[in-house]
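So the structure is just underneath, and the comments pick up after that.
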Amino acid sequence: MTEALSRPRGTRRRLGPGRAVPFGRLLGPLLLVAVWWAASALHYLDPRILTGPGSVAATAADLVRDGRLQDNVLISLQRAGLGLLFGVLAGVVLAVAAGLSRFGEYLVDGTLQVKRAIPSLAMLPLLILWLGIGEQMKVTVIALGVAVSVYVNTYASLTGIDSRYVELAESLDLSRWRFVRTVVVPGSLPGFFVGLRLGVTASWLGLIVVEQINSTSGIGYMMFQAQQYAQSDVIIVGLVAYGIFGFASDAAVRAVERRVLSWRRTLAG
Amino acid sequence: ARTTTAADAALPTRALPSGAPPPGTRLSIAVHTSQLQLADSGLDAKLPFTVSGWPNLSAGPDVIQGFRAHSVDLANNAGIPPIQAQAIGVGARIVAVQSRNHPLYTFATAPGTDIARAEDFRGKKIAFSQGQAQGVVVLRALKEAGLRTSDVKLVALPSTQFLTALQARQVDVAPLAEPVLTKYLTQYGKDGARGVHTDVVDLLSILWAPVEVLEDDAKAAAIRSFVPLWAQGVVWAWEHADAWIQAYYVKDQGVSADDGRRITASLDQPQFPLSWDRAIAWEQQTADLLAEGGFVPKVKAEALFDRRFEGLAARSVPQKYRVAS
Amino acid sequence: MAPYAGGLTASRDVPVHDAPATAAAAPPAVRTTGLVRSFGGRDVLRGLDLTLARGEFTVLLGRSGSGKSTLLRAVARLDHGVAGSGGLAVPDRVSLSFQDSRLLPWLRILDNVVLGIRGPGARERGATALAEVGLAGRERSWPHELSGGEQQRAALARALVRDPELLLADEPFGALDALTRIKMHGLLRELYERHRPAVLLVTHDVDEAVELADRVLVLEDGRIAVDLAVRLPVRRSRRDPRFQEYRDTLLAALGVTEPGDRPHVHGGPTEHAAPPPYGDPVHPPQPTDRPDEEKDSHDPRD
Amino acid sequence: MTEALSRPRGTRRRLGPGRAVPFGRLLGPLLLVAVWWAASALHYLDPRILTGPGSVAATAADLVRDGRLQDNVLISLQRAGLGLLFGVLAGVVLAVAAGLSRFGEYLVDGTLQVKRAIPSLAMLPLLILWLGIGEQMKVTVIALGVAVSVYVNTYASLTGIDSRYVELAESLDLSRWRFVRTVVVPGSLPGFFVGLRLGVTASWLGLIVVEQINSTSGIGYMMFQAQQYAQSDVIIVGLVAYGIFGFASDAAVRAVERRVLSWRRTLAG
Amino acid sequence: MAPYAGGLTASRDVPVHDAPATAAAAPPAVRTTGLVRSFGGRDVLRGLDLTLARGEFTVLLGRSGSGKSTLLRAVARLDHGVAGSGGLAVPDRVSLSFQDSRLLPWLRILDNVVLGIRGPGARERGATALAEVGLAGRERSWPHELSGGEQQRAALARALVRDPELLLADEPFGALDALTRIKMHGLLRELYERHRPAVLLVTHDVDEAVELADRVLVLEDGRIAVDLAVRLPVRRSRRDPRFQEYRDTLLAALGVTEPGDRPHVHGGPTEHAAPPPYGDPVHPPQPTDRPDEEKDSHDPRD
């Protein structure tokens, strides 16, 4: 036995990450804004190439004052929200159907892989032909995008449930419905939440596509317009709005996730 | 390093350099058709400078981005993108003008509608893409028919969805160009789809360059030597229609020879004005229409042109392709 | 250790409890015939025949890796993907307590316990079962907040609360201290007296086997090598010489030979060598009261 | 004890899906094609709206004969492949960095959530300004999309690694590097593969966006051109090509996944 | 059961093996002072003081849920997120074999075993260790392909192959049959003789404790309630009356009172009642050879 060097420390060096700092996740985005600010304050950044945060804030203030930003955001929120709702429902139902029976898998899974690969730009004409250019089509396009995100992740997580738990459920003679409720749903929640987070963003991004069609409002419309006219400051306001919404909705989903998955003991603690 | 100057900076007033561009001058030219025309006609041997690249950009916003990114020195567009560039402070000037007096767009009607003339547009749903040439065509047609935008229902759509919107009967009228127009009318003519012709033209096809390129004497000289070749290339394509259809529409764009012929047939003989007065006036009207719609701030069209190049293109082509204005 | 195969097979025709009295007439609770289970070409069960009478308390012993868990999973009809053959007849309501306690990590303890039962009184019954295994007050704990032994007890509670017709328990007391283990024995015994399920319990503790069982099986080479009826009174004492005899018999069958180590069996003065010798099985002593006639239902070569 | 009804069956009703059928996943897509075929053969489908499979096949044959399809697909494959490569590398490195240290998490994670929310349409102008309109920009746009897909899933899977395994690694005094190799990487592979599958599709879809900019070739360019000229049959050929590539690349990734994750015992077996 | 706290604390000044001969001079292998660990406000360890000499083989007993695993995790310095306080000094190279075997499911058995070692001969050493625990030929199996006992042995091999200065083993033999268990005892003993690590081993088997240990601790109410030096020869016989005495002492300390059940200790004719009584601890009999003087290094109140 070599010399028993004793260390007085309480716990050893962690291999996982340490304790979480509240709102630490804001560090990156704030740093980004700070760099942007500094670069334009030091005239390092050509304002015609990338407007500085100051004038973007001014543009944003203008947009808010004349109500354009809020109105557009509100309308878009409604569309995105509806699409999200239907998309999440569809994604979860399809994932459960495909995960629990081979027939469902063969019917649903390949089809959705194909759908996933097809650009929504190419789907758009077909959907217009079937659903017109109204709200129905817009919500459908968004829901399709969301459903695919939710499906892929939920399905992967669902089919990845430890078979020992399935065996347990069988040994307890659980009914199929109770099996779904007590094993399948909780067991696939981790993946579902990843899918939901991707889906929330997908719903926002879908707006850009659908609000080109027969819209006179919405943040996607605003962005598209700004792009048509190469109005870079409006684009950047929209971009910042997108960033904030993306970050906030992600944080919201994560907060729910943390509560719902509080039973997990993971690397992240 | 190149620096950009503000759009409202003084127009380049220095006389155009007269000689050939100095050796080593390079230009990045986003005129895809010229690339093919010069190559096929052998005119490219006359290029007195190096073409560093032929970026394939055509949409207005993309070209404007290319200018900003210093990726493009010279581009070919319709009349609207320079107005948009001016509106957002990107300095660029028109250096050559080709005028098209023949209407490029025809208003296709959805099956089952009873529209025969532009006056019948009242109360109808019209496909409208604001930032694009098709948008301006709609605005002009309404104006000429004595209608205001509030008299019709403008349905915002990207122009690529016009056909779908007609098929789905989501709009009553949409401006279509060839070959889409013929395709649509052939397929839906039996259901009552019609083409409503107006004399609204999309007058201008222009070459334009960022201000800082024009301020660079070497590049300005290169542009000056390119403008005639561009015009001659266009003329060559007109005169060798079959070769051009084969080389461009069929080989490059992937449309059928029939479609290619249909497109060329819809075009008029190219015309290059000696004086730009009419072009400037038309551009001003367009800018005013856009400003009225609240799409862009007011723009003075005069400032969009670099008149040092006025008539340069016209003078380099045979008489029959020249017009006074 | 082939010499044992069937050598110790003891038949039972005089039931120790009264439930199996009708064993000959009533259909058995479990019957396997020629059960074969293989993993990757290696046969773990090799034509295993086993009949468990209703209400019989059977303990299964066997070396680590001998196939005890495989047998239990087969009887619980859980081995979907496993290669194998053989006949199997088991009752409807089977409870299996797994070797790993296998609590669902996303359900609180009480929810885990009531997973296999339903009806209005389910949660009350679950809470009672939890209290019985000494986990009162832990209903709302997460499984990962329980110690190893607590998890095992929660899993046992889950299996017991279902009132099964056949209880399969895979080393249910392995992680328990002596006192808790005694309590659990009592609990299991009590439940057994009340509902008389057939029980097939795996353990490595030979004392436990003799203390609890009507019948002890030793699994070896993929078959039941020893089938020993334990004819002791219900209330058993470890100091009963017959208890010791059964135990030594079983230990010997498991390959443990400590000839001089149990003073009351062979009182030789041999000094015990550590580590004690292993391998090289010898024929174990026969239980003194082993009946001579054999009955087919317990003969593995049936 | 109630009557001990004995069942002679070997194993009980499964709660998980049954045995897998080879190529079963093709069922859905084939059914789709069959319906399409039937609908157009029965003239139920207006060929002006959706061309039938017959004439689409003819168009595809034409495109193959004059080499257009192969050439475009090859060029696109190259772009998508490069983008995929860099994107996957970046995504994995970022996920590991963010998953293993709080500082990394705070720097990377929020930033990527923001990035994720920003439409590539809006990022494009900025990327053109920084990287020009050449291949570099195209590959970067694709790589960014791929990286985000890979990152989100890998990070989620990585931070979801059971803390008991982290504890084990600590108790064995594993070096950080060995910890990454033996615990972090294998433990986050399930999520990585989901991310990779999403990333592969993202790289294909990205082509549509980037090949509109300064391209004269590529399948995205082909689709864009066809849209300009309303060549609906070419669009559908492109769409089918997308579908096939999406399905095939997904199947390829799954095949690798199945081998690499053979240690898993899951619901799907 | 507070009456025991320190009451049984036996000092050791005559070393049983020769390694701890210098115990008074050399620094101890492990020293905890006032160790407190709480979960959700409930103190599991309540100011626990413990000193383990180098090369000392200590066995830890305690009721299920008494905090044995918590103590081992604290000594291994693994409880990052746990509320607590207290001083702790441990050697550098510590091996902990967890209560659940905790094999990484994505590594084959051999890779699992060699996880904690490096160097050129690592895989050979790992294969040897696997063979020693009876798993030769299973090197390329996945963990889920092993039976419970096989997994436990693989985990033991992983801990042993590291040649630690301090070996912490949390019920390493719980899932093993009697014979395999004896083999593992031999293996552990052999390793111990070779490298003389300090060992802290948790078990529920009192016989095992007496057979293996230099010193047996009983954890109760968050402290070391019993600290008993086992003064038996290295080669121990279970029929040694002193063995039985130690064992009965410990069983009593764990709350198991079977006064008439071990014929060789108190030969009373009392009929054993099943289930046996539990709870209500009585003062255990004192080991006959218990020395009177106490030494600080083993006094939990140190």
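What to note about this one:
Note that the chains are named A, B, C, D and E in the order they appear, and that numbering of residues resets to 1 at the start of each chain.
Note that a contact is a pair of C-beta atoms (placed from the backbone, for glycine too) under 8 Å apart; a residue touches a chain by one contact, two chains touch by 3 or more.
Remember, predicted model here, so these are calculated numbers, not experimental data.
Farthest chain from chain C, judged by C-alpha centroids: B. Here the CA centre of chain B is 39 Å from the CA centre of chain D. If you average the CA atoms of chain D and of chain E, the two centres end up 51 Å from each other.
Between chain A and chain D the centroid-to-centroid distance comes to 16 Å (mean Cα coordinates, whole Å).
Touching of two or more other chains is recorded for residues 76, 78, 93, 100 of chain C. Residue positions 12, 14, 49, 125, 129, 164, 169-170, 174, 183, 187, 227, 230, 232, 264-265, 269 of chain A each touch two or more of the other chains.
Residues of chain B in contact with two or more other chains: 65, 68, 167.
Contact between chains, using the touch rule, shows up for A-B, A-C, A-D, A-E, B-D, C-D, C-E, D-E. Remark: chain B residues 30, 32, 55-57, 59, 62, 65-66, 68-72, 160, 163, 167, 179-180, 183-184, 187-188, 252-255, 259 touch chain D in the complex.
The residues of chain E lying in touch with chain C in their complex are 39-40, 61-65, 68-69, 99-100, 134, 145-150, 153, 170-171, 174-183, 185-186, 189-190, 204, 206, 211, 234-239, 251, 254-256, 258, 260-264, 271-276, 278. If you check the complex, the residues on chain E that touch chain A are 26-27, 29, 31, 54-55, 77-81, 87-93, 165-166, 195-197.
Within the complex, the chain A residues that touch chain D are 12-21, 24-29, 31-32, 49-50, 99-102, 104-114, 116-119, 121-122, 125-126, 129, 152-153, 156, 158-164, 166, 169-170, 174, 176, 179, 183-184, 187, 190-191, 193-194, 197-198, 201, 204-205, 208, 223-224, 227, 230, 232, 235, 238-239, 242-243, 245-247, 249-251, 264-269. Here chain A touches chain B in the complex through residues 46, 48-49, 124-125, 128-129, 132-133, 212-216, 221, 225, 227-232, going by the rule given at the top.
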